[in-house]
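My questions all concern the structure below.
The letters A, B, C, D, E, F, G, H, I, J, K and L name the chains in turn, as written, and every chain counts its residues from 1.
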Amino acid sequence: MTHPAGTIYRKTELVGTSATGYDDAIRHAVERAQKTLRNVQWFEVKEQRGRITSGGIEYQVTLDIGFALEG
Amino acid sequence: MTHPAGTIYRKTELVGTSATGYDDAIRHAVERAQKTLRNVQWFEVKEQRGRITSGGIEYQVTLDIGFALEG
Amino acid sequence: MTHPAGTIYRKTELVGTSATGYDDAIRHAVERAQKTLRNVQWFEVKEQRGRITSGGIEYQVTLDIGFALEG
Amino acid sequence: MTHPAGTIYRKTELVGTSATGYDDAIRHAVERAQKTLRNVQWFEVKEQRGRITSGGIEYQVTLDIGFALEG
Amino acid sequence: MTHPAGTIYRKTELVGTSATGYDDAIRHAVERAQKTLRNVQWFEVKEQRGRITSGGIEYQVTLDIGFALEG
Amino acid sequence: MTHPAGTIYRKTELVGTSATGYDDAIRHAVERAQKTLRNVQWFEVKEQRGRITSGGIEYQVTLDIGFALEG
Amino acid sequence: MTHPAGTIYRKTELVGTSATGYDDAIRHAVERAQKTLRNVQWFEVKEQRGRITSGGIEYQVTLDIGFALEG
Amino acid sequence: MTHPAGTIYRKTELVGTSATGYDDAIRHAVERAQKTLRNVQWFEVKEQRGRITSGGIEYQVTLDIGFALEG
Amino acid sequence: MTHPAGTIYRKTELVGTSATGYDDAIRHAVERAQKTLRNVQWFEVKEQRGRITSGGIEYQVTLDIGFALEG
Amino acid sequence: MTHPAGTIYRKTELVGTSATGYDDAIRHAVERAQKTLRNVQWFEVKEQRGRITSGGIEYQVTLDIGFALEG
Amino acid sequence: MTHPAGTIYRKTELVGTSATGYDDAIRHAVERAQKTLRNVQWFEVKEQRGRITSGGIEYQVTLDIGFALEG
Amino acid sequence: MTHPAGTIYRKTELVGTSATGYDDAIRHAVERAQKTLRNVQWFEVKEQRGRITSGGIEYQVTLDIGFALEG
């Protein structure tokens, strides 16, 4: 009674950082994901935090990144 | 025993998108709301997501947008 | 394989206000909903906030208000 | 400094019901949405409840239904 | 002061899809997990969404899938 | 200053299981509740999980089941 | 390595109703709990909802009510 | 690249109590805040609980109270 | 169309206390549950609080405790 | 229409740390609170985290600590 | 049985505002915190809201800001 | 417009178990993570559960464990 399966996706959780802001921190995390994963398709922001350093603010964003599994 | 009513507000839920970032996506959603609604007064960020396209990242932000109802 | 549909309901999100308290603010929001909607049947309290003015406290309550859709 | 806006979406909250189960209740709500809205694209399940009647169980599912706004 | 360790489990997050409904989408995700993981033991439903296509509804379910780590 | 009391309801939390799916697991839990409780009126889905056994998937659904208290 | 046990408490979940408001609905639920339970000590508001009837609003409040178990 | 700062607000968390109900408990907490803080502007209800005493119910409400910081 | 029912479980909510810590408070609650319930199988930690007394800290842990219902 | 105020409490948010575990980290935070605050009465655990150092695990617990305000 | 205490941190909740966006609003709140607090080390974004004024959007971000307590 | 990326972190979700308590279960999970991952830096407690066996309580703790990705 199982029907032919549609696509299956997996999510992986990354934390991107940036001295500039969250949009930039997201770009860093997505680019890193694309270095080792194929078919990266979407992300969800789970948490936004930051660290105060002598050089200013380090923005930290936690993402769930979704990609399609092959075969 | 009912006292004279104060202002009543309504919230509507919009998703703004931008290739630049979330601040910009919010501006798009607020401007769109103002095209059809009067008395738009505040918003609340409910969710931040994104889609990875061949052209880069599409930032997506879900807002509850509040406006005063008239009479 | 779709069975005959039961009733469909819609929810709309209103914020009622009152100088007296939350029970009163809810009454204001429900009465306002009934001015433009038919078949208003239930509500759910989503948030309770308030504003401090020179005249005292303005109680603000956010409701999801449910009503049956016709045909 | 505002960039050309991407698509704006709106979400509306419906409750579908069914005597059979949640998958069927979702179909009812989506079909109802399509009667009055264009460009219905996705939904999110917010809540699953039910009512016990003399005839059995009425499954009730609350959905946020997303559709693209035009121009 | 550390006692002998009990079993350690890991969770991985998958999204299963189906044209039929959520029970079926879960089966697809679990079967996919079993293709590459041993000792798959339980799952937790994290989110239920869907996409409306020209062919009907695509049900999407996000699962945390738990499996025992070996040695 | 206490007004005559309306109906009082109680909720009890049950977990139904099924080899078929969640709709069926809910029916099992509701039928079990009706064996020992009168006036069972509604339920709310709190959690959906499952166990993978040699025989396939066991769907597990946690419900808050509401019933009216008498006198 | 188990130390002498302190008091153990149990929570039961009741829904009180009132035509007047939530404070009154809470009193009804607490009084009902005291009819069958001893040592009722505290409560926590879990949910506030309501039903619109021909006679006005029925306020509904869900409480977790805590009481000390004896011996 | 930092723009002139807008107003900065601070939130403090108070618990107000009352033998009458939550609206009254909120007034007590707000009045107490105004004894030691200037520019008290809004509040958010975080939690509603209560204690059952020999004299009846003590309503307890936890508020986040917001006020503008000066210079 | 109902399949033979699997096991049905019930959850009950207890608060265990201890002068030592949360692990010990959980043991107290589980042992108390086993005095009146059969088939106690698992628990979930819902909340951790504490009270400061003249004698030190009283750790309080709220558990949902699950047990299998018979026939 | 304001009734004589009951006690007002305030909550402050501290993070205690320990190389031993959470029970010990809580004791550290409570003792620190008692150095500068009077009437410390209860706490609520909000978050449990940790840091891995060369010397082992540093357990970190975030508490809301409640104390009665005077006059 | 209490071990030497590690560092204790405190969190304070501020709302930063900006006409430009959230990254900027965070910088304002952090700079304000550093005017009166020493050892400011990290922050967590709790809420993002905004107000629509005649001059455009005022972005508002609520932060929990963490700092180490001395001695 | 992308700035040089800061460190990227990944989180993996493990469940540690112990017959002794949660502090010990966390140590087990962290030690297991360090067997296959480098740069393990922090963890967050997501859930605390347990199983009652003939031999007593098995404490189960779900952790998100964070580690720095290399190059």
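Heads up, the rule we're going with is that contacts are C-beta pairs under 8 Å (C-beta built on N, C-alpha and C of every residue); 3 or more make two chains touch, one makes a residue touch a chain.
Small disclaimer: the values here were computed from a predicted structure and weren't measured.
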Counting C-beta pairs in contact for H-J and for E-F, the higher total belongs to H-J
How many angstrom between the C-alpha centroids of subunit I and subunit E?
28
What whole-Å value do you get for the distance between subunit C and subunit J if each is reduced to the mean of its CA atoms?
37
What is the distance, in whole Å, between the centres of subunit J and subunit K, each centre taken as the mean of its C-alpha atoms?
19
If I count partner chains per residue in subunit G, which residues reach a count of at least 2?
12-13, 20-23, 27
Which word fits how the chains touch one another: line, ring, star, complete or other?
other
Spell out the residues on subunit G that touch subunit F in their complex, using ranges where they run on.
12-20, 24-25, 27-29, 31-32, 58, 62
Where on subunit G is subunit I touching in the complex?
2-3, 5-13, 64, 66, 69
Subunit I residues within the subunit L interface of the complex
21-23, 26-27, 30, 34, 40-45
Complex interface listing, subunit B residues touching subunit A
20-23, 47-52, 57, 59
